[in-house]
Amino acid sequence: MMIDLLVGVLLITGAGFMLVAALGVWRMPDLLTRMHATTKAGVLGAGLILLGVAIHFFDTTVTVRVVAIVGFVMLTAPIAAHAIGRAGYFIGVPLWEGTIKDELKGRYDEAQHTLSSGPADQDKDAS
Amino acid sequence: MEFLMASLVGILFASALYMMLRRSIVKLVIGLVLLSNAANLLIFTASGLGSGQPPLIPPGADVPVGAVSDPLAQALILTAIVIGFGVLAFAVVLIHRAYEVVGADDMDQMKDTDT
Amino acid sequence: MSHVVALPVLIPLLAGSISLIFWRSHSAQRWIGVIANAALLVASLWLLRETWVHGHLVMHMGNWPAPFGIVLVSDLLAAIMIVLTGITGLATALFSLSSIPREQERFGYYPLLHLLLAGVAGAFLTGDIFNLYVWFEVMLVASFALLILGGERAQMEGAIKYVTLNLLSSALFLTAIGLLYGVAGTLNMADLAVKLAEVPPEQSGLLTVIAMLFMIAFGIKAAAFPLFFWLPASYHTPQVAVSALFAGLLTKVGVYSLFRFFTLIFDQDVAFTHEILLWMAVLTMLSGVLGAAAQYEFRRILSFHSISQIGYMILGLALFTPLALVGGIIYIVHHSIVKASLFQISGLVYRLRGTYELKGLGGLFRSHPWLSILFLIAALSLAGMPPLSGFMAKFIIVRAGLEAGAWVAVFFALLVGLLTLYSMLKIWNEVFWKAGPETQHEVPTRGQSPRLTYYYLPIALFAVMTILLGVAIQPIYEIAERSASQLLDTRGYIEAVLGVQP
Amino acid sequence: MRMHSLILRTAGHFLLPLLILFSLWLLLRGHNEPGGGFIGGLVAAAAIALYLFTMDLQAARKALWVDPRNLIGIGLTLAVLSAIPGAVLHGQPFFTSQWWPMTLPLLGEVKLSTPLIFDIGVYLVVIGSVLTIVLFLAEAEE
Amino acid sequence: MIALTWNLLLALIWVALWGEFTAANLVVGLIVGYLVLAFALRDMPAFASYVAKVPRAIRFFFWFNRELIRSNLTVAYDVLTKTHYMRPGVIAVPLEASRDGEITIVANLISLTPGTLSLDVSSDRKVLYIHVMYLTDEAEVVRSIKDLERRVLELMR
Amino acid sequence: MILQIASTLAYILLSAALIFAFIRLVEGPSLPDRVVALELLASLTVGFIGVYVLVSGATPFLDVAMVLALTAFLAAIAFARYLEKGGHREDDD
Amino acid sequence: MLLAVLSGFILAFLAPWLTPRLGRAVGWLFGLLPAALFVWFASFIPVVASGETLLFSYPWVPGLDINLTFLLDGLSLLFALLISGIGTFIVIYAGYYLHGEAYQGRFYLLILAFMASMLGLVLSSNLVALFVFWELTSITSYLLIGYHHEEGKARASALQGLFVTVAGGLALLAGLVLLAVAGGSYELSELLTSGDVVREHALYLPLLLLILLGTFTKSAQFPFHFWLPNAMAAPTPVSAYLHSATMVKAGVYLMARLNPTLGGTETWLLLLGLIGATTMLIGSYMALRSTGVKQVLAYSTVMALGTLTMLIGVGTEKAITAAVAFLLAHSLYKGALFMIAGIIDHETGIKDFRELGGLRSAMPLTALFAGIAALSLAGIAPLFGFVAKELMFEAVLEAPAIGTVITLFAVASAMMVVAIAAVIGLRPWFGPRLPTKKTPHEAPPSLLAGPAVLATLGLLFGLLPMLPGQHLLSAAALAVAGEPIEVYLSLWHGFNLPLLLSATSLAVGLLLYWQWSRVQPALARLAAWDHLGPERGYEKVMASIVSISDSHTRLVQNGYLRYYILTIISTLLLLLAWTILTRYPVLPSPDLSGIAPHTFTILAITALAALYAVTTRSRLGAVAALGALGFGVALIYVLFSAADVGITQVLVETITVIMLVLVLFRLPGFLDFTLSGSRLRDGFIAVLFGGTITLILLMTTEVQFFPPISEYFIENSGPLGHGRNIVNVILVDFRAIDTLGEIFVLALAAIGVYAMLKLRAEDRKS
């Protein structure tokens, strides 16, 4: 009974986080902020639900699989986020007007496909 | 349930056909993807949507415990998915090449071979 | 059980696989091409003989009992079709030796050829409707690839239509299979025949609805009216060896499937289904021949005639009498040979003169009398002139039609014969009789072999066959007759597949 | 042209062996659990495709080591040949499955069988075909 | 690395001794192997650091999950309420990590933790560009990122 | 009983999430936005599968989630590569 | 007998090889074959004359009632003798006439094959075999008429002749099959005795009309007569052969042959009598109007064919006797005259009567035989033509019902024929010598042999009419009549009405000849009315074939893929609707209970993803939507317990998206091409299509006639398949062949893609 309760809570919390992620994707103002919602909430939501599954079955094979799935998600989600975020930024998807700082601006050299580490103005002087 | 699935299948078929009736060859490809999915779901629906267990035999047993969903239909769909994928791959590249050779994404510029 | 049933499928499959392994070697590809196709022909003749002697041959693949596993079944119709596959395959392989440019050999021409034949053979032999779908797709994708080999603009344009409409057909076919499996719970053709026959008549309307889907799906594959559009759009665009193979074999698979389904499985409502087939046949004959009359390009004329000839074959099925089925079968045999031959001739003419346009051709009777005679034999045969194969085929259909009282169908069958003669003689006049043009096109050889031997060899063999099919048709007739009775009395098929029914 | 991302490149290095291992696992367990040659092959192909995207075409080709077209031919041949043992050895119909249970050191009892050979053929063909398509598309794109 | 190999080998021997290859056996084998190594070879540096890493890894695991939940709650709050409280911005954080693997793991973990998302590494690998949701106190953000990096590097090196 | 209620609730929450993610997919406005939505859909699918496994007891379905977790991100990578190589950005309005 | 028929074919196929090797002697040597055949056939005269009918049977396709059965009675023997006899002279004649031409070998191939076909035709007892030979004569004659094939007119004439005769031939085929249906046999030998059954049969009228369509076209009866004069484009030996004894007489032969079976009815009498008489009149009128040597002869052939048809139609004892006599007479004089026309052309290079004159002295023998043959044509005693004509007058005078009309026609025709005969027999030879292109000489023996013998025979038979009459013609008449009749031929019948008619026509005819140079142009001016004639009809038919097929093809094969798809789907919908409305399948009653909200949402999102992919203007948005659709579909599979399918769907979807992204890279964005009207139409059809599929799917889900066979797999997957994943066991074992095909599809797609992409790369390089 207690276990069922725990599993139920995990299930609902996990699903709730996923809903939050979806709401975030829906409501957040620009690409990067949306991605904050999905990367974290998605991973956490799926992880909680699967944790519930693992507890419910309490079986090695299930647990191994759950661990593998969560591991895979945690492995791939940030990579995907990195790829999309980076691409989105570089192709000029606009940032939200509330963004207060952008240190990456102007540091990407499209011709050489290089990203400098110094401040943007320095880079411009050099070239 | 069957009603919903049948409606979905109908919508997919309709969407596929509508896309195939466009002049744009890119839309044609999208139509083909939809068509393949529609046909697969149709097999799935027609073979019965029982809420049985997956057709897997538990370790140590000879037959599955309880009712299982139709494994043959699943095998057919699997085959159909793969075939659909192969064919689609070909079609996609064909359209790519056709666009390159013709220089337009327009079926109406591809009617010289008929008459 | 005899292993020969599976050989016509396994030989080309293995040949295709192995030549893919050796895809870098021209000579290996060519050798495998000829040897495997010769082996296929031998196997197919052997299969025909075995089927003739022993009746239906069945192989329960994987040793699983029918209707659960997949069966390969050879009745006489299938065996005849397999022999045609062997003949066309070998002829194409030989023809290819002279005609296929080297760079296309490098891009998988021979493996594609083998696998196309495998798909065709599989479609003819399988006794399972889903497996039929699979073989259809094998054949289809192989034909797609053969169609675009060369990468010309016309090929791409033609291929888009070919691919799209054939995929539409496949989707309908798959849909129909799904629905049929849904109501009958089986995929085995013999099992379907048994089970559908038990469906009470007041409920069999649904079966007829599903039958319509099959009819349209196969009608598209067979290039029947008004479903044939993909054929004239594409058949004249690939290498002519490929056109010949397509024209000789591919549409026959659709026709064969119509024959199989509408004799074995869907015979609940013959008055309805076969009446539709009858109209389809008549309109196909007419529409095709009118299309041909409007063309002035060698291969396009031939392409449209393929359609019109398909009409005759379907007419044989639609009339649904023993004699009509015999006629349909003989028509299939006749047309495979003659149409493949005509396409090959067009290719040779192109090789000699560098164009397929009738206006730019001429003078070949003067310069190439033997080729002219070979053309005339094939052309007159296509037009149904005696004593060639086409006459026998047409005569049987006409006789069957008249005996069945199908006056309109017979009228159009005869009229279409006349119009076929008209466009064949148009070619004869323009290409052979007319004086040659002042300026000759430059003849592109494009890496083809300089020798023409392998152009003439298959064409000549086809000519011999069409003559023999006319003057020495008795053995073929006997086979076709027994085949027709097998089609009409399905008990033999069912018992061979499922064992003796209670 | 490569994607100049160190993160992606490193992730690619790391994920490739993982995915290949995963694909082999899917292949071998397919007879008993979800998986099989087709699914395994697709995962393996996806692994190489990942290399293509995180690094470049040359890296992907190198990672695959063999020409994908050879994989097609070998896989098909294997699949077709798996039809033959039963017919030759016992006169059974083609594709009658043959089972050769054997005990191997470390692995214990292993059932070598024609369905397994067949599935391995499927696996190879899927890898070969999908990668032929993807790699040559990528090449054409460049 | 050699220590991990030893641990695995011991686990396999454990499984072989039991004569049955099951997941449970393997897990038990790994734990037993670890304990044996921790006890027997505690004086050899290579093994000592390996032994020390395991509890650190476990600690890291729990710390990380706590951060994950915290970050999600923050974002959830922002998502679920009407106004946007966030102050997003892109900042450049100097990297201590130098090897490809280290950088990648750091970057990925940053993406999974509170309000930060790794965008890219500079070509000279000196700087990691990060999108930050709540950039009200940049120094604090940088500090927590460096903290994470430190924890990771401890584990890796 | 508890599990039934919880799973139903979880299903409903996930369904709602599905709808919002889909809206973003449709609205865009940029391609990366759509791809992010697609990624989320993949995660949601994993969640659905988790709940389904719990409800039905069909643990082999975890394998579907496993494959999904390991490969679905490839699509996002492909899109990203496409964008960086200068695919039609103006495609999206 | 088989050898006799086939020997011609055998020699024909050797001819192209032999001809260059035999040199000048080729005509004489090849002539040995027909000569031998003539002698061989002649040896049957005694037997046949005694009223016996010989049957020779060789099985061909017994199952189809197709056999090489040869029937030798008076009629077929008469024809066989004419074919081989005149054939002999033609072959000899051509040896000289065509000497040195490049394609003499091909000519012999064709003429010998034609001769053999003709023999086969007249000897066949089997209807199908007869038809086979019938069509063979059409083809060989087509090739012969088009012998000078590089001239456009020769090709056009050849085609015209073939098209008309083959069109008729096809009707004939249908008619013969119906005849076999009505008479219960494909053998003439049996049908000849079952005339009563056939005539009473319901199919009598259609089969009669069909057969007559065949014979009328072949024998150039009105309104199909126009092809015959055009066929004069052929070399003269061909014209001489085809239009004297063979090709055009095939139709007459068949009518005569079938007289016992089909004849004797009112329809028969009216059709044959009136059309024959009309043809006769038109033929002689056209001949009188013409000036070309071969033209005049051709139209006079039309006249003769009309006469024969008319006589067969009348069908009385007299008429039949007249017919066989006229047949023989015409063959003899027409063969001779054509060969003489060839000699004139060969020696002078002139083809028009108006430019000929005074050749008598240059070529006296030719002139002599021309005169004799012309006398026979004119029907002047003591030539055999006179005997035949007198009999004809007797026959028409006593013809039932239409006697008066056809007598008038016959007399009018006879008048003109006399004039024509005079033009032929007198004009080139007498009067002032007109200039010629070449210097004319007497023809050599090989050219002259034919005219000499044939003309002489005409004279001989005229003087001794019982010579042919007693044996051959009476047997032939017997065969035509189908019952014993009295044949008595004589030169002198006493002073009677026929003689009076003959005399009148002779007088008027000579008058016409006297005024020929005025009459001919006057008549020729009537050519302005020819556009009402049947030849224009032919041209219109041919033109309409082209225009109909053009517009049909533009309409049907219009090049627009979407119209193709629309047509196919509309056809499908039409058939489905028709089936549903007439075959009454059980309509579904959907059950909406038990739908979980999440299932509904997933289905809805899947559907919406599809709809978004359809409606979006963003191309990659559509691809992303397809991805979403793929996840939705995968979820559906999972929710209904299909694990492997779910995994596969996910993987395939992912790789599809990758592929689409790779490909769409360089493709442009979506463009809106279509108008809103067509979007509305397409949308309507699409919805109709989707709705129909939904309806049918629902019907099938409500019915389950039999339990599915999958139970077997569930039971046996473990014990027999040694696997716990039933789907996988099905895929790699139970139904491994499906999977085998599937991987081949994949491999083929890869090869295709490779070839497409790589060949392009090669193109770029070069």
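When the chains are written out, they are named A, B, C, D, E, F and G in that same order, and each has its own residue count from 1.
Quick note on the criterion: a residue touches a chain if its C-beta (ideal position, glycine included) is under 8 Å from a C-beta of that chain, and two chains touch if they have at least 3 such contacts.
All figures in this text were calculated on a predicted structure; none of them were measured in a lab.
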| item | value |
| --- | --- |
| Shared interface partners, meaning chains that touch chain D and chain E | A |
| Contact-graph separation of chain F and chain G, given in steps at minimum | 1 |
| Pair with more cross-chain C-beta pairs in contact, given A-F and A-D | A-F |
| Centroid-based (C-alpha) most distant chain relative to chain G | E |
| Computed distance of Cα centres, chain G from chain A, in Å | 79 |
| Intercentroid distance (Cα basis), chain F paired with chain C, Å | 47 |
| Length of the line joining the C-alpha centres of chain E and chain F, rounded to whole Å | 25 |
| Mean-CA-position distance for chain E and chain B (Å) | 43 |
| Residues of chain D engaged with two or more neighbouring chains | 1, 4-5, 7-8, 11, 32-35, 38-39, 43, 46, 49, 69, 72, 76, 79-80, 83, 95, 97, 129, 133, 137, 140-141 |
| For chain F, residues that touch 2 or more chains besides their own | 11, 14, 16, 18-19, 35, 37, 44, 56-58, 60-61, 63-64, 67, 70-72, 74, 77-81, 84-85 |
| Overlap residues in chain A, where contacts from two or more other chains coincide | 23, 35, 43, 61, 75-77, 79, 81-83, 85-86, 114-115 |
| Pairs of chains satisfying the touch condition | A-D, A-E, A-F, B-C, B-D, B-F, B-G, C-D, C-G, D-E, D-F, D-G, F-G |
| Touching residues on chain G, where the partner in the complex is chain D | 643-644, 647-648, 651-652, 654-655, 658-659, 662-663, 665-666, 721-725, 728-729, 731-733, 736-737, 739-740, 742-744, 746-747, 749-751, 753-754, 757-758, 760-761 |
| Residues on chain G engaged by chain F in the complex (per definition of touch) | 596-598, 601-602, 605, 608-609, 612, 616-621, 624-625, 627-628, 631, 634-635, 638-639, 641, 643, 646-647, 650-651, 654, 657-658, 661-662, 664-665, 668-669 |
| Contact footprint of chain E on chain D as seen in their complex | 4-7, 9-11, 13-14, 108 |
| Complex contact set, residues of chain G against chain C | 16, 59-64, 66, 106, 128, 131-133, 135-136, 139, 146, 149-150, 155, 159, 162-163, 166-167, 170-171, 173-174, 177-178, 181, 545-546, 548-550, 552-554, 556-557, 559, 561, 564-565, 567-568, 571-572, 575-576, 579-580, 582-586, 693, 696-697, 699-701, 703-710, 712-713, 733-738, 740-742, 744-745, 747-749, 751-752, 754-756, 758-760, 762-763 |
| Parts of chain D lying in touch with chain A, wherever the complex brings them together | 1, 4-5, 7-8, 11, 15 |
